[in-house]
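The chains carry the letters A, B, C, D and E, assigned in the order they are written, with residues numbered from 1 in each.
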Amino acid sequence: MTPLLDYHALAPELILTVGLCLVLVVDLFVAEDRKVLVTNLAGLTVLASLVPVLTLAVDGADRAMFGGAYAVDNFALLLKGLFLVTGYVTLLMSVNYLDEGDYYEGEFSFLLLSSLLGMTVMASARDILSIFVALELLSIPAYLLAGWRKRDLRSNEASLKYYLLGVLASGVMLYGMSLIFGVVGSTNLYEIGEVLNSSFGRLPLVTVGIFLVIVGFAFKVSAVPFHSWAPDTYQGAPTPVTAFLSVASKAAGFVALMQLVFIGFLGRDDVWGPLFWALAALTMTVGNLIALRQTNIVRMLAYSSIAQAGYILVPFAVAGDSREALATAQSASITYLAIYAAMNLGAFAMVIAIARRTGSGELSSYGGLFKYSPALAVIMSAFMFSLAGIPPLGGWFAKFMIFRAVIEAGTASAVVLGVIAAVNSVIALFYYANVAREMWFSPSPEGVDDRSRVRVPAALSAAVVITLVLTLGVGVYPNAIARLGDMAVLVR
Amino acid sequence: MIAQNLIFGILSVVMGLAALRVVTTQNVVHAALYLVVVLGGVAGIFILLAAEFAAITQVLVYIGAIVVLFLFGLMLTKAPIGKAANLDNDQKFVAALVSVMLFGVLAWAQIDAFQRVEVQPDRVGTSAMVGNSIFTQYLVPFEVISVLLLAALVGAVVIARKD
Amino acid sequence: MLENAWVIPALPVLSFFIILFFGKRLPKGGAWVGVAAVALAFGLSVVAVGQWISRPATLEVATHHGSEGEGQTVEGDDPAHGAAEGEHDAVREPVRREVTWFSNGPIDIKVGTHIDGLAVAMLFVVTTIAFAVHVFSTNYMADDVRITHYFAALSLFTAGMLVMVTASTTLLLLFGWEAMGLCSFMLIGHWWEKHENSSAALKAFFTTRTGDIGLLVGISILFFAAGQTFDIATLNEAALTGAISKGVLTVGAIALFCGVIGKSAQFPLHTWLPDAMAGPTPVSALIHAATMVVAGVYLVARVYGVFWEGFNIAAGGVNLGAVIGGVTVLIAALLAFVQTDIKRVLAYSTVSQLGYMVMALCVGAWTAGVFHLFTHAMFKGLLFLGSGSVSHAVHTFDMREMGGLRKFMPTTYKTFLVGSIALAGLPPLAGFWSKDEILTGASAGGFPIMFWMGVVGAGMTAAYMTRCVWLTFFGEYRGHGHPHESPAAITVPLIALAFLAAVAGFLNAPGVGLFGDWTNNAVTLAAGVEHHAFSPFIAVTSTLVAIAGIGLAALWYVRNAGPHGITERNAAARAGYTFLLNRYYLDHLYTDGIVGSIKGPIARAAYWINQNVIDGIVNGVGIAARKAGNFTYDILDQGMVDGAINGSAAAAGAGGGFLRTTQTGRVQQYAAVLFAATAIFAVVLIVVTI
Amino acid sequence: MNGFESWALTLAVFLPLLGAALILLIPKESETAVKTVAFLTAGITSLVGLWILTAFDFKSSGRLQLDVNVPWIDVINSRYHIALDGISLPLLLLSMVITLLCVIYSWDHFPEPHNPKAFLALLLVLATGMNGTFVAQDLILFFVFFELVLLPMYFMIGVWGGPNRQYAAIKFFLFTLFGSALMILGFLALYFLGDNTFDIPELIANGSTIARGTQILIFGGLFMGFAIKVPMFPFHTWLPDAHTEAPTVGSVVLAAVMLKLGTYGFVRIALPILPEGAAAWAPWIGGLAVIGIIYGALGCLAQRDLKRLIAFSSVAHMGFVMLGIATLTDYGINAAVFGMVSHGLITGMLFFLAGSIQERFGTREIARLGGLLVQAPRLGWILGFCAMASLGLPGLAGFWGEFPAILSAYNPAGGLPVGLFRGFMVVASIGTVLAAGYLLWMYQRTAFGTPKEEFEAKHIHDVHGPEWVAWAPLLVGIVAFGVFPGLLFNITDGAVQGIAKSLDGSAETADARSGATPVREEKLPLAEEAAH
Amino acid sequence: MILNQFLMLAAVLFCIGVYGVLARRNGVLVLMSIELILNAVNINLIAFGAFHDTIAGQVFALFVIAVAAAEVGVGLAIVLLIYRNRRSVDLTEINMMKG
């Protein structure tokens, strides 16, 4: 009999758990002005938990526990790695932000690690109960983190909106899960998959159940029309948290969706195919259109990340069309997520860096940046255009993979969705380029006299460098990421 | 079986009415008390379904902890004890419409799926079975939820405390 | 020299570059470089002429349909004719030399020289006139600020013309053709400080370019029709052997003829030529009288096979070319009456004479047309240079400010008179012979209408030239300057050209026929172009008509000149006057009715129509194009096409603005959306999947 | 293949990028160093180009040479495959030379706000994109290079451009991106239908197996991408704005090289891979091309701004190029490639001139100029020369882009509607007159006459050193290619024959499939009647 | 007992909860309505567990209860935070960020 627990497989989660307890404890004993140590400890924890991820990857064998309910395969490992790196970069972005903003640092790190733990669990969860619990673990700390700037009304509001809608969404999702459970009688996704492939799976109740579950995650990934929390929350939350939400939290939502849809609901592509089609088209279009009219950069990035979620949803819409399309679609989504993580984190890191001078998230305050801090302007432009998908920056390959999935499917509706995505990428360029326009072409706003270079602290610089290198590297040599995305396909 | 059905009928009517009052009463404390009724009813339903451990937990956690939390919340936010105007906002009609639509869909789908299928709880779900299940199959979620509670605790304290 | 004929155009090209790059640093702005190059080219051309004449006729050509049967034969001592008795004629074999220019797959596009009688004749004409003009210009343009540019352009022009006449392919011909257009543009607009001049230059360029549409299309059509080759000889052969269908030939010929109309200033695209007189006078002599404007004529003569078959010339009657030519003869002659500017008189005269040439070719009188080209170059070049000499003296071209100049400028006067008589077609000067041949050809070729047009034109030509000569050289000097004879650099070319104008006609006079022999070629033979015998009747008729024209014009001007009497001043006028006076009872009506009305209302009306309708159309097309441009740009482009783009951008923005309003900021409304969407989506999904 | 041969193309593509990176390392203050590095980079790149010229086997110009083919993105089977043939070679050299000349030209007149460091770095990045596009033999590689030019040009227009630069820059960007988004969809469709490869030569071998209907659809996608870049009517509206607002060097690069990316795409990718799609689209392309010719010319006639006029003339000229392509014949495509190069030389030169005029007079408004020949005769004559070259005067390079295109329209590839194309031929010929119209009219108003009062007293420099150096190669090129078209035709022909062969009969087979009989005879029924 | 009677009860509670969430002004009352939703889910889970004769339904319900507790705690903390800063828990007033 195989042992119940495979400690190697659980090592990343265990390290994180130990680390977050340690952070909580150490925080008690560290003086107020040396809280940076706690953040560093959290960073080390994240890095340490990356180690077993790597060793597991090197090991290469797929591991599963609890009757397959907890799996450590390529998919899980890649996404764990993604979450951990994202978490680390978020920590790098937070260090000075928290320190200088005089916010709670130890607890921040603790909650961030908790949320990360939820995500790493999510990547392995092949059981709707585990998925639910992981989702809650990654969400609840995030609700709190969004309100971390306690004295700021906007931050309060962000937290409240996120919380309320999040809880409602999980209520809807739970209801859906209960219906699925009711039909199947098991929480294990593989078993669900089997039953849904049978005639039981044709019940309208299953349709409703699948739909409600997807709604819950559509909220998480802020797909239109379940997106409305995102702009307000992103704008109000502390910027590093926003970065974390828009990347890690969203990625976790997609991870859950992939597991649910591609393992559990695979037989009912007649439900989720059109649903994702509509969600993707709506999300891209609405997100982009509203983003056109934003004047606040963070809010604009919020809508941008909604639109980006739309692109990631595109492969879901076409995944059911054929066996080949299924694999391509997964690889496209995963690749997109990874690239999106790098460039979006980078963009937020730059927002933080630039806000150190302008003290504002208003786009108009970016004027003249190219003149006084050309490096920042160039890097920010790189992230913006990467998000827009302009070669040779990484974003192009992400979009390319989406298009590839669409064309691979080859059906008329798929191609139409591809064209919608193509048109949307043009609309999107307008507002991304608008940021570059403001930085490069416009003069400094009135009353800004400080024309010296913006100084960027080391940790933040590190965050920028990591994301920039990834963004550029992927753009020029996409092979590495593409291969990873290909390997990590969940269901072939 | 008739007894069970009778109990279910009473419980469900009470719960339904109490739930309606929770969302319609103009007195915040009454709302909390009606909520207790609903939650208690749910515990009763659990028992009907032979889920004793769940029923007990329901009473302990919900009525014992959560409702108290709500009452504290009402106090701390200086909610008007007694009747207050304007506890509802301006989208009552929309809310009702949405709920009815939602109910229609759910009800139709459920009836369509299970028609008149009987449910016969002949095995009592004991705490031993629950524990066995949690510590084998659901070990990871269990551990996760412990971290979740810790995180919620710490986070709630930080957020709620004055500084 | 015939094999190396490329050297002849190469010389002026060389001088063009020398003048262009070093002209400013050379004495006289590099003028002498140009003169030397052209002189050398002239010399080489003369050599080429000699070599050609002495070349034996070795090429046997099957004749299309014999001309013997009708008894109309070419001159008996014609060596080419010797073989014409049989099935074959022998002509001098053209000298060809080609290199591959570039390749397109298996097809090599070649360039090279094709030297035959026509080319040699043209070489001679061009280099002669060019040489004369160059020499003339060294003095005439000596004080010009841009003498360097002037000579550079002149050199380039000469090169272009020489390239064209020696070209073996239509493509290379087009090169020369357009190069001349460019130079014409540069030289008409030589004094570009004045707006009228540059406008005239533009107008010339556009109008000829408009004709070139046809040329481009025609060349393209014939390229494929002849089996993917630009080679003219192949083309002619293919046309005549029936390898190309008649329909294609017709379209091709019409298309090419559009180019001819533009370049050779045929009706209705003739209006640019008078305006082109804005350029320096030697340029007018060279380009707008002797050479460039005959390019169209040359083209017709060169690809004669196409026109012969395409216009169905052998059938007689009417055809497009002949009609256009004939109409041009009359219209332009009419217009020449009302000009006060001496150069414009000559310009309209040129248009009219070009009409003759085109008409000649299109009535089958190939030799006559080419010969008229040859003689016309001599006397019209002479006349232009003469007018230049006059203006050099009186600093104006307005004939109303001249008069009586024969006293001040005897050489100019005499040479001008020679030119005028040659133009008027009085025997034995050059114009007579060539014009006579044209009329003969028209008559015998079955083109009676063209014949009568030609005859009327001959009378009008004589008349307007009489008027011109009268106003310029007779009567009292009406200007304000101090006229004087021009220096040798000007008079010597005049004298030389006067000599040629006087004697050139004899080259193809009846019984001599040398020109016809020299230019005889396989194309015309194969086509069966007939050479009609000299007709005394026609010769007399045309002479009489010309004299009548002179007389009537003289009479008119006597009446205008008042009671002082023209007779004391001028012998010729006196003769005409007397002649007319004797028949006064007839001619009172005639002069008043016909000449008067021609001189007066009709000519004026024609002029009005010309200036306002035809020129109006030409200008109108320009204005309309600009209007269309404005419309296209303002309404279509900026308004609609760009408007659609900007509109969709605005729509996207507005859409975004509208969607923003759904984001109310109230969390419960968000929640309502969430649940409402859930409910609706669920219903839809159930309906879809059930 | 020795070492350098396998590296030459890579060097040609990436040297400029290296130079750009070097420039970024130099502090902003040491401008001379920046300029020197830029000059050296562009110069060495051109030397590499020269070396390529010597290494190129002209006898087999239809073969892809200096091949480099190594893995790049295995997952999608996309490879770093660069090579060049007779079509790529002239365009690659053009791109290199133009870049070098632009560096020289801008030596001492950088537009406001100066900043040579950024300007030259962008220019060199641009060069990498352009060079790369012309040698890429893999669709994805092509796409990346094709898009790489967008960013630098966007910034170049936006930072150094005229008053309306922001609008122009974004418009340029959006248009092009729109096209390429659809283009990439087409590429992907090719990938899946063409045996899972992005390799252009392989696709050419495999592509004809794609069903006709699909070919038409895919061609539509590619058409959008390329036609916008060309730009063809009605996608041209970005061009006048971009050109007008761009700094001189930007306009030059845009006109001389970047527009060619679109037409090159047609010749390299769309036509040979999708012969039947091309045949179905050809009449439409031809129609849009001739509309563009007339439309562009009419647009020019309405212009009051010198640069805008030249920009609109590009629409017309590219119409000729597209007409040549639309005929699907070897003549047409040869003409198109020649047209690309000659338009590059001539219009590039015209933009240089417009820039210099603006620099001297401070305006480009045609109505305010005049008498240029008086104040700066050399400048004026060069302008005249270029105008003549631009209107297609035989003997200058422009002619060989125009006339053969017209010629080829008379006899389009088998199966295409002959009558329609002959109509196009006539319309295109009318376009040549309109070209003469707007160019000479512009010339009359700017160069002829006497200087306007406001500039009468102003001292106007004639052409100076850097300008001579930058312009001379272009001027020489215009004449040389005009007189010896074989210099170019003989290089391109081999490659063009290959393409034409792949196209040959594609329309006929398409027709045969749809049941129509091919029309391929010289006789025009109308003319037949007229003759009788 | 038929399964559907439990399911219908759950559906009723769920929808009443939804109504409450949408229609109530006071933050705490909204949280209460959310509890109705979660309880509806729990009824479903237990009923289905009984129907399939599996313990998993109960276990799932227990997890939901635990999570609900955590959620309420966090929710009340946030509501308190809002109250402290705004002196009001009226959700309709919280709309600083929109558009």
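Definition applied: a contact is a pair of C-beta atoms (placed from the backbone, for glycine too) under 8 Å apart; a residue touches a chain by one contact, two chains touch by 3 or more.
Because the structure is predicted, anything quoted here is derived from the model rather than measured.
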Shared interface partners, meaning chains that touch subunit B and subunit D: A, C
Chain centroid nearest the full-protein CA centroid: D
Leading chain pair when contacts are tallied as C-beta pairs: B-E
Far-end chain from subunit C, centres as C-alpha averages: B
Centre-of-Cα separation between subunit D and subunit A, whole angstrom: 42
Centre-of-Cα separation between subunit E and subunit D, whole angstrom: 64
Between subunit B and subunit A, distance of the C-alpha-averaged centres to the nearest whole Å: 31
Distance from subunit D to subunit C - Cα centre to Cα centre, in angstrom: 37
Residues of subunit E whose C-beta touches two or more other chains: 7, 14, 17-18, 21-23, 27, 30, 47, 51, 56-57, 59, 63, 67, 70-71, 74, 77-79, 81, 91-92, 94-99
Interface hub residues of subunit A, defined as touching at least two other chains: 129, 132-133, 136, 140, 143-144, 147, 150, 159-161, 164, 168, 175, 179, 204, 207-208, 231-232, 293, 430
Touching two or more other chains - residue numbers and ranges from subunit D: 174
Pairwise chain contacts under the document criterion: A-B, A-C, A-D, A-E, B-C, B-E, C-D, C-E
Subunit A to subunit B touching residues, read off their complex: 4-5, 10, 17, 20, 24, 65-67, 69-70, 104, 107, 110-111, 114-115, 117-118, 121, 125, 127, 129-130, 132-134, 136-137, 140-141, 143-145, 147, 150, 159, 175, 179, 183, 203-208
For the subunit A and subunit E complex, residues of the former touching the latter: 129, 132-133, 136, 140, 143-144, 147, 150-151, 153-154, 156-161, 163-164, 167-168, 171, 174-175, 177-179, 181-182, 185-187, 231-232, 235-236, 293, 299
Of all residues in subunit A, those that touch subunit D in their complex: 331, 370-371, 374, 381, 385, 388, 390-392, 396-397, 399-400, 403-404, 406-408, 410, 415, 418-419, 421-423, 425-426, 429-430, 433-434, 436-437, 440-441, 477-479, 482-483, 485-486
Subunit D to subunit A touching residues, read off their complex: 28, 71-76, 113, 118, 140, 143-145, 147-148, 150-151, 154-155, 158-159, 165-166, 169-170, 173-174, 177-178, 181-182, 184-185, 188-189, 191-192
Residues of subunit A touching subunit C in the complex: 160-161, 164-165, 168-169, 172, 204, 207-208, 211-212, 215, 219, 225-226, 228-229, 231-232, 268, 270-271, 274-275, 278, 286, 288-293, 427, 430
